[in-house]
Amino acid sequence: MQPLIIFGILAATYLMVVAKRTPALIRSFRYQSFCLFLATLFMAIKEGHPELYIVSGLLFVLKVSAIPYFLLRMIKKIQANEDLGLLVNTQLSLIWALGFTYLSWVFSAHLLGQVNQTQTIIMAVSFFIVLSGMFLMIFRMTALAQIIGVLVMENGLFLLASAVSGGMPFLVEIAIFFDVFVSVVIMGVFVYRINKLFTHIDVNKLSRLRG
Amino acid sequence: MQIFFILSIPVMLAALCLLLKKQRALSIINAVGYLLELLFSASLLIGVVLSRSVISYFGFIYMDALSAFFIFVISVVAFASALYSIGYIKNDVNKGIISERKARMYYLFFNLFCFSMFFVPAVNNLGMLWVGIEMTTLISAFLVGFYNKKESVEAAWKYIIICSVGIILALLGTILFSFAFSQAGLGKSLNWPDMAQAAGKMDKNLVKIAFIFILVGYGTKAGLAPMHTWLPDAHSQAVSPISALLSGVLLKTAIYAILRFGIITIQAVGFSYFGNLMIIFGLASLAISSGFVLVQKDLKRLLAYSSIEHIGVIAIGFGIGPVLGTVAALLHVFNHAVTKSLMFFGAGNIISAYNKHNMNAIKGVLKVLPFTGVMMLLGMFALTGFPPFSIFISEILILIAAFLKGSYLIAGLMLLFLAVIFAAFMYHFSKMLFGNLPRDMKPQREALSIKLAFIFLLFHICALGAVLPFIKKDLIWIAQRLLQV
Amino acid sequence: MINFNLLFDPLSLFFIFVICLVSVPSAIYSLGYLRGHYRGAKITLAWTLLVIFVLSMLFVVTAENLLFFLISWEIMSLVSYFLVIFDAKQEKSTTAGAVYIVMTHAGTAFLIAAFLLLYRYAHSFDILAIKQACLIMPQQDKNILFFLFLVGFGTKAGIVPLHIWLPMAHPQAPSHISSIMSGVMIKTAIYGMIRFIIFLLGANSSWWGILIIILAVISCLAGIIYALMEQDIKKLLAYSSVENIGVILLGVGLGVLFFSMQMPYLAIFSLIAGLYHLVNHAIFKGLLFLAAGSVYRACGTRNMEKLGGLIKNMPQTAFCFLLGSMAISALPPLNGFVSEWLILQAFFLGAISFSGGVRLFLVISAAMLALAAGLAAACFVKAFGITFLALPRSRSAAEAKEAPLSMRIGMFFLAITAVVFGLFAAPIMRLLAKVAGSAMNMDVSAMKFSLNNFTLCPQAGNNIYLGIPLLAVVIIALSVLSFIGYMIFNRRKPLLNKVWDCGYYKVDARNEYTATAFSKPFRIAFGFFLMPYRKSQKIRESFYHVKTFAYETHTTMVFRKYIYDPGLALIFKAAKNMRRLQPGSIHLYLAYIFITVLLLVVFMSKF
Amino acid sequence: MPKIPAILIQLFIFLSLAPFFSGLVSKIKNNIRMRKGQSVFQPYFNLAKLFNKNEVISENASWIFRIAPFVVFSSSLTAALLIPLFFVSGPMNGFADFLALIFILGLGRFFLALAALDTGSSFGGMGSSREMFISGLAEPVLCLVVFSLGMEFGSTNIAAFNGLHAATVSSVIAAIALFLAAIAETSRIPVDNQETHLELTMVHEAMVLEYSGKRLAFMEMASYIKQMIWFSLIVQIIFPSALPDSLFLPEVGMWVLWYLAKMSVLVFIVAVVEISVAKMRLFRVADFLGFAFTLAIISSVCAILGV
C-alpha cells in the first residue's frame, strides 16, 4: 500500500510544479495532503496510537478541507486573475523538478547510507517536496502561490518527520498544525490588504522598498 | 516562580486591552505592567545566576542562566518601549494618524508580541521553541503592517513570507536533530536537556547538516546576511517602539535559538564547525551592512542595517568563542539591544516631527528636538563603539578574543568594517543633527515618558563599564555553563 | 585586564608639563574670548568640555594601561570633536568635525590592532609588562607594530599625507581650543610614537628612523608651502603646525636612527632636539592661535585680505603675534631658533658620524629642513605683515578694539615663556636629557649636554657653541647703541608724509600688496606641487571696453585630489553597486536563502 | 669667552671697511665700462650725506618701521662679529656657529621685510615678497655649504675653518655655491640690481624705498656689512690662510695685505659678473639658486667621498 501513497504524493507534487493556474495548484495541493492523510492513517492503524489518529484527523480537517477551501474562496473573493504568473515555463519547471528529485535522492542516500531503503525513499520524497515548495515560492509570481509554497514545504516536513523519527512529540505536532493554520489565515489577511491597496496580488511587482 | 508572572503579565495586559476603552489609561497601566515584568526578570536572572542553578517545571519550562539572561534583555527593552509608547501613540492619536480603537489594537499586539518573545527562552521543548519563534513572526507582522500603507503592507508581506520560509528550514533542521537523537537510540524527545545529554552520541554528518538548516533558518529571523533582506523593510515600516523591539530583542531570540542548537552541535562535532559558520555569516553581515549603511537615505533603514552589522558582530563573537568571545557576545546582545532601542526611539521622534524618512531632507534636529538630538548624538557614538559607552567594551573584548585566538584577518576585517560604518554614520548624522532650524519648523517639546525612556536606556548604556568588574565572574560562569566546559 | 594606574616617569612628566603650559593660559584667555562670542549655558558647556579635554590628554600621557590609554585617547578625540563643532552654525565646521573624527577614529583602529597584538604577546595591557614581552618579540612582528603605530599616531599628528583633517578642524574650533589642539593635542601623538616605538619596541632597525625622517621632511615642505598659500590666518597656522610636527618628527626620527645604530649620545641629543622643538612649538603656536583668535574676535573675520593695520588699534596683540612669528621662524634669540638649530646640529652630527648613502641622505634632508625654515620665515612675514601692518583693508579692521585683559594675560604669559625658553636653553637641555634618557632608558648622567661647548664628534677640539643669552645681549646692545647714535645726530624729528605714490592721486588700502600677491612667487616656483589654476571672467560693454573683470586663483590640493577623492569615489561606487543586491523582489530574496542552503550543504565538509 | 677689545676692533674694522668694497665694485665696473666713475669712497660720502639729511616717514608707518633699521643694522654687525677676520676664531666665537650666523642674518631680513610692508606702499610689499622668496630659496644652499665644509672640518664652527690649510675640491665647489648664494643675498646682478629703481626689477631697493635720511643710512650700512661678511667668508674658503694667533705686528700686517688682496680679487670677479650678465627675471632666480643647490650637493658628495 505504501508505495502507492508515495507515488501519489510524488504525482501531486509534479502536478503542482507544472500547474499554470491557481485553482489547479490548490487542487493538487489537496491531493498531496490527502495522500499524506492516508499515509498517517495507515501508520495509525498499523501502530494503533490514538495520537496518530488525532493527527491524521487534523490533517484531514485542516489541510485537505479547510485550507484549500479557504484559499479557493479567497480567489473568488478577490477576483484576481487566476494565472499563477510563471517566471519559468512549465517545461523548464518540469526539468527543474526532475533535477530536484535526483538531488533529493542523492542527498538522502548520502544522509542515511543504504541502510534502510524505504526510509531513504520517503526522506528523498519529502526533501523533494520541500524543494518544490521552495521552487513554487521563487518562480511563481502571485501571493497565493507563495502561501501554497509554504504549505507544501510544511507538508514535506510533516512527511519527513513521520518518516525519520516517527513524527514529532504529540504536543509539538498539534502546536505546529495550529501554527500553520494561523499563519495561513494571517497571510490570507495580508493578501486581502495587498489586493485592496495594489489592486493585484502579483508580489513580484511589490518593489517599493529597495536598497 | 517568577517565570509564571513573567509569562502571565503580558497575557493579562492583552486581555485588559480588550476590556479597557481608554487608550491613555491603558498605556500607563501597560508601562507599569512592564516595570513589574522588568523587576521579576531581574530577580529571576539574579536568582538563577547566584544560585548557579536551573529552573525547570514539569518538563515544559526549562530555564538556565542563558534563558534568564535573554528574558532580562527582553524585559528591559520591552519596558523601555512600553514607556516610550505612552508618548508616541498618544502623539499619533492626537495627530489623527490612528484611531483610539487602533491604538488599543496596538497595545493588544504589543502584549502578544512580548508574550511570544518571553515564551521563546522559557520553553524546554525545541519544537515549542520553534512554535514560539513562528508566533513572534505572525504577531509582529501585524505591527509591521500597522499603518496599512502600501509600503508597510509590502514590508509585512516580505517579512512574513521570508521568515516563514526560514522558519520552515529551521523546522527541517529541528526534525533532523530529533532524527539524529532517535538514531542515537534514545527514543523520541525534543527536550533540550535530553538532547544536550545525547549530543555526544549523535551522528556527526547528520548533526552538521541539521545545524546548517538551523543556522540558515533561524539566521533568516536573526537577520544574518544574506538572509537579512526582510529586515530593513520591516524595521523601517514598523511603528517605532516596535522597531526597537524588533531589532532590539526579536533578532536576539533567534540568536538564542541558534545558540541552543549550536551547543548541541559543539558537543557533537566540535567547536570549529560551529565557529567557522558563525564567523562566515558574521563577516558577511558586516560587509553587507557597511556597504548599505554608506549609501542609505532612509533613517530607519540605516538603523536597521546597523542592526544587521551588530548581529554580525555578535555572531563573530560566538564564533570566535571560547569563553571570552562568548562573554563578549552576550554583553553585546544586551548593549546592542539598549543602544539600538534608544536610536529607534530617537528616529521615531525625528520622523514624527519632520514627517519624512529621508535623511537628506532632515536638518537641524538639535534645534527642533534638543533632547532627542543630544540623545541621538550620544547614541550614535555609543552605537559606533566609542568609549565610555558599553558597545565599545563588548567590541574590544571580541577583538581581544580574536587576537588571542590568532585570527588576525577576522579582527582586521572587523575593524575595517566598523571604521567604515562609523564614517557612514558620521556622514549622515552630522548633516542631520546640526545645521540651523528649518524655516517652516519651530522647536517642539518632547513628552515626559519619552524622555524617561531615553534616560532609562542611556543609563543602561553607560552603566556597564561600572558594573562589569562585579559581574565578570558570573558572566564567565554563564559562558562556561553555555559551552559546558 | 584594565586598571587605572598612572605612570609618572620623566617622559610623562614632561608631557604633563607641556599640556599645562599651554592649557592654563588658554583657559585664562578663554575667560574673555568666550564672553565675546557666546552666552550663558554655552559658556558653561565650553568650560566643561575644556576641562574634560585637558583631563583626557593628561590621562593619555600618564596611562600605564593600554586600555586606559585607548579610552582616554578616544574620549580626547570625542571631546575635541565636540569642541570643533562647538559653533555648529556653519556647515563648514560640522563637515570639518566629521572629517576629523572619522580620520582620527580610523587611526585609532590601527592603534587598537597594535595594542591587541602587543596583548597577545604580553597577556597584559600593562606598559611595563609589555616592555618585558617586547624583548622576545620576533622582528617582523615589531615591524608590523611599527607600521601600525606610525599610521595610527601619524593620523593624529597630521603627518602628510594623513594631514587633511588638521587644517579643516583646527581653525573651526574656538581659538583657545585651536591653540590647545595645535599646541598640545597633536603632541600626544608624538608622545605615543616615543612611548611605543622607542620606549616599548626599542627602535632596533634603522629603516624605521629613515622612514620617519622621509615622512617628516615631506610634512615640513608640504605643510609650509600650503601655509604660504593660505589667506585664512587660522588655517595658515594649522598648516604650519603640520610643518612643525614634521620638524619634531625629524628629531624623533634621528633619535630612532641613531638609537638603532647604537649611537646613544647622538640618539639622546637628537631626541632632546625633537622634544625641545615640541615644547617650543606648543608655546609659540599656542601664542599665535590666541593672538589670531583675538584678531578674529575684534574683526569678525579670519581672512587676511580683509585685515591690516591692526598694529595701531591692537598694539599688544600685535606685539604678541610678532613675537610668536619671530619664534616660529627660528629667529635668534627666541626659542624656535634654539630647537631648529639643535635639530640641524643633530643632522650634522649624523652626517659626520655615518658614512656613504645615509650621510648624503641626512645632508639633503637637513637642506630641506633649512628650506622649510626659510619658507616659514616668508610665511610669517606675510602673516604678520598683511594682518597687522599697513592700512586696514576693511571697515571692521579699521574699527578693531584691543582684546580684554584676560586674553592679553594669556598671550603675554606665553610670549614671556617663548623668550625664557630661548634664553635659558642650557639648563632646559639638561632637563630634557633626563626625559630623553628615560624614553630610551639609558643613563644620561655621564653625558654632558649644554649649549656651551659640547664636543660633537671624535675629532676633539671642534667644539660648537651657542650662547643664546650672550647673543641676545649683543644684538640688543648693538641695536640700542645704534639707536643712541641715531638720537645723538638727530636734530629735527622726522616729518610724516604720504607714502610715495608715483604721482597717482590717491594711494589707499586697495593699492597694498595682498596676501595672495605676496605668495605669488612661491606659487609659481612650487607650481609643480601646487598646480595653481585661475578662473577669470570679463564682462565687456564692447570688445574694447571691459566693464568688470573677475579673477580668482586657486591651488590644487594634491593629496585630496589624487589620494582621498578617488578612494572615496571607489568606496561609494562599490556601495552603490552593492545596493543592486536588494532590488525589492521577494523572489530574489527567497532565492538567496535557497542558494545559501545549497552552497552550505555542498561545501559542508569544508567547515 | 669674548674679548671686549677684540670685539671693538672688529666692529671698527667692519664699519670702516664695509662701504669701501661696495665702492670698489662700482669703481671697477665703471672702469671696465671705460668710464671714470665715482670715487671709491663714494659710499662713505653717501652715508655722510644721508646722516645729515632730515628724514620723511610714511604716515601709515608703525613702530616696526621705526625700529627696523636698528635691528637690521645690529643683526648684520652681530653676524660680523662671528667672522674670523683678524683673530683666531673670531672675537665672539664663543657664542655661535655658521648655522647660527645664517639665522642671525635672517633676523635682520625679517625686520627689513616687515618694515617694507609697513608703509603700505605696493613697492614695499613687492620687495619684501621677492626678498623672502629669494632668501628662502638661498637657505638650503647655505645650509648645504655649511654641511659640506663642516664635514671636512668636523664642525660647523666657523673657527674650525682655520683647520683648513689647502682648498679641496669640495671646499672650492662649496665656495662657488656660496658665491652664488651670496650674490642673491647681497642683491647683486643677476639676481637683483642695486642701481635701478624700476619696480619690475628691484628687490632690495624696493624694500628701503620709503626710508630716507639716517635710517636709510643704517639700512645701507647694514647691507654693506652683510656683503663684506659673505665676501670675506668666501675668500677665506677659496684661499685659506692660517690666521695670526698673536697681535705681533708684522704678522698681522702681512695678513691684512693678503686679506685685502684676496678681497679685491673677489670684488673684481663680482664686478665682471655684474657687467657681463643681464639681470634675470624673478622666476628664473629659482633656477639660478637651483643650480647653486646642485653645486652645493656636489660639493657635499665630494666631501663625503673625501676629495
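Each chain gets a letter, A, B, C and D, in the order it is written, and its residues are counted from 1.
As a working rule, a residue touches a chain if its C-beta (ideal position, glycine included) is under 8 Å from a C-beta of that chain, and two chains touch if they have at least 3 such contacts.
Keep in mind the model is a prediction, meaning the values are calculated, not measured.
Of the two interfaces, B-C and A-C, the higher number of touching C-beta pairs belongs to B-C. Chain B and chain C have Cα centroids separated by 45 Å. Chain centres here are Cα means. That of chain B falls 78 Å from that of chain D. Per-chain Cα centroids separate chain A from chain C by 70 Å. If you average the Cα atoms of chain A and of chain B, the two centres end up 31 Å apart. Chain C has residues 579, 582, 586, 590, 601 in contact with two or more other chains. Shared interface positions of chain B, i.e. residues touching 2 or more other chains, are given as 157-158, 161, 165, 209, 232, 292, 295.
Chains touching one another, given as pairs, are A-B, A-C, B-C, C-D. By the touch criterion given at the top, residues 309, 311-312, 322, 326, 329-332, 337, 340-341, 344-345, 347-348, 351-352, 355-356, 359-360, 363-364, 366-371, 373-375, 377-378, 381-382, 384-386, 389-391, 452, 456-459, 462-468, 470-471, 474-483, 486, 489-492, 494-501, 507, 509, 511-513, 517-522, 524-525 of chain C touch chain D in their complex.
Those residues of chain A whose C-beta lies close enough to touch chain C in the complex are 87, 107, 134, 137-139, 141, 146, 203-204, 206-211. By the touch criterion stated above, chain A contacts chain B in their complex at residues 111, 130, 134, 137, 143, 146, 149-150, 153-154, 157, 160-161, 164-166, 168-169, 171-172, 175-176, 179, 182-183, 186-187, 190, 193-194, 197-198, 203, 206, 208-209, 211.
Across the interface of their complex, chain A is touched by residues 579, 582-587, 590-591, 594, 601 of chain C. Looking at the complex, you find that chain B touches chain A at residues 125, 127-128, 130-131, 134-135, 138, 141-142, 145, 148-151, 153-158, 160-161, 164-165, 168, 171-172, 175-176, 178-179, 181-182, 188-190, 205-206, 209, 232-233, 236-237, 292, 295-296, 301.
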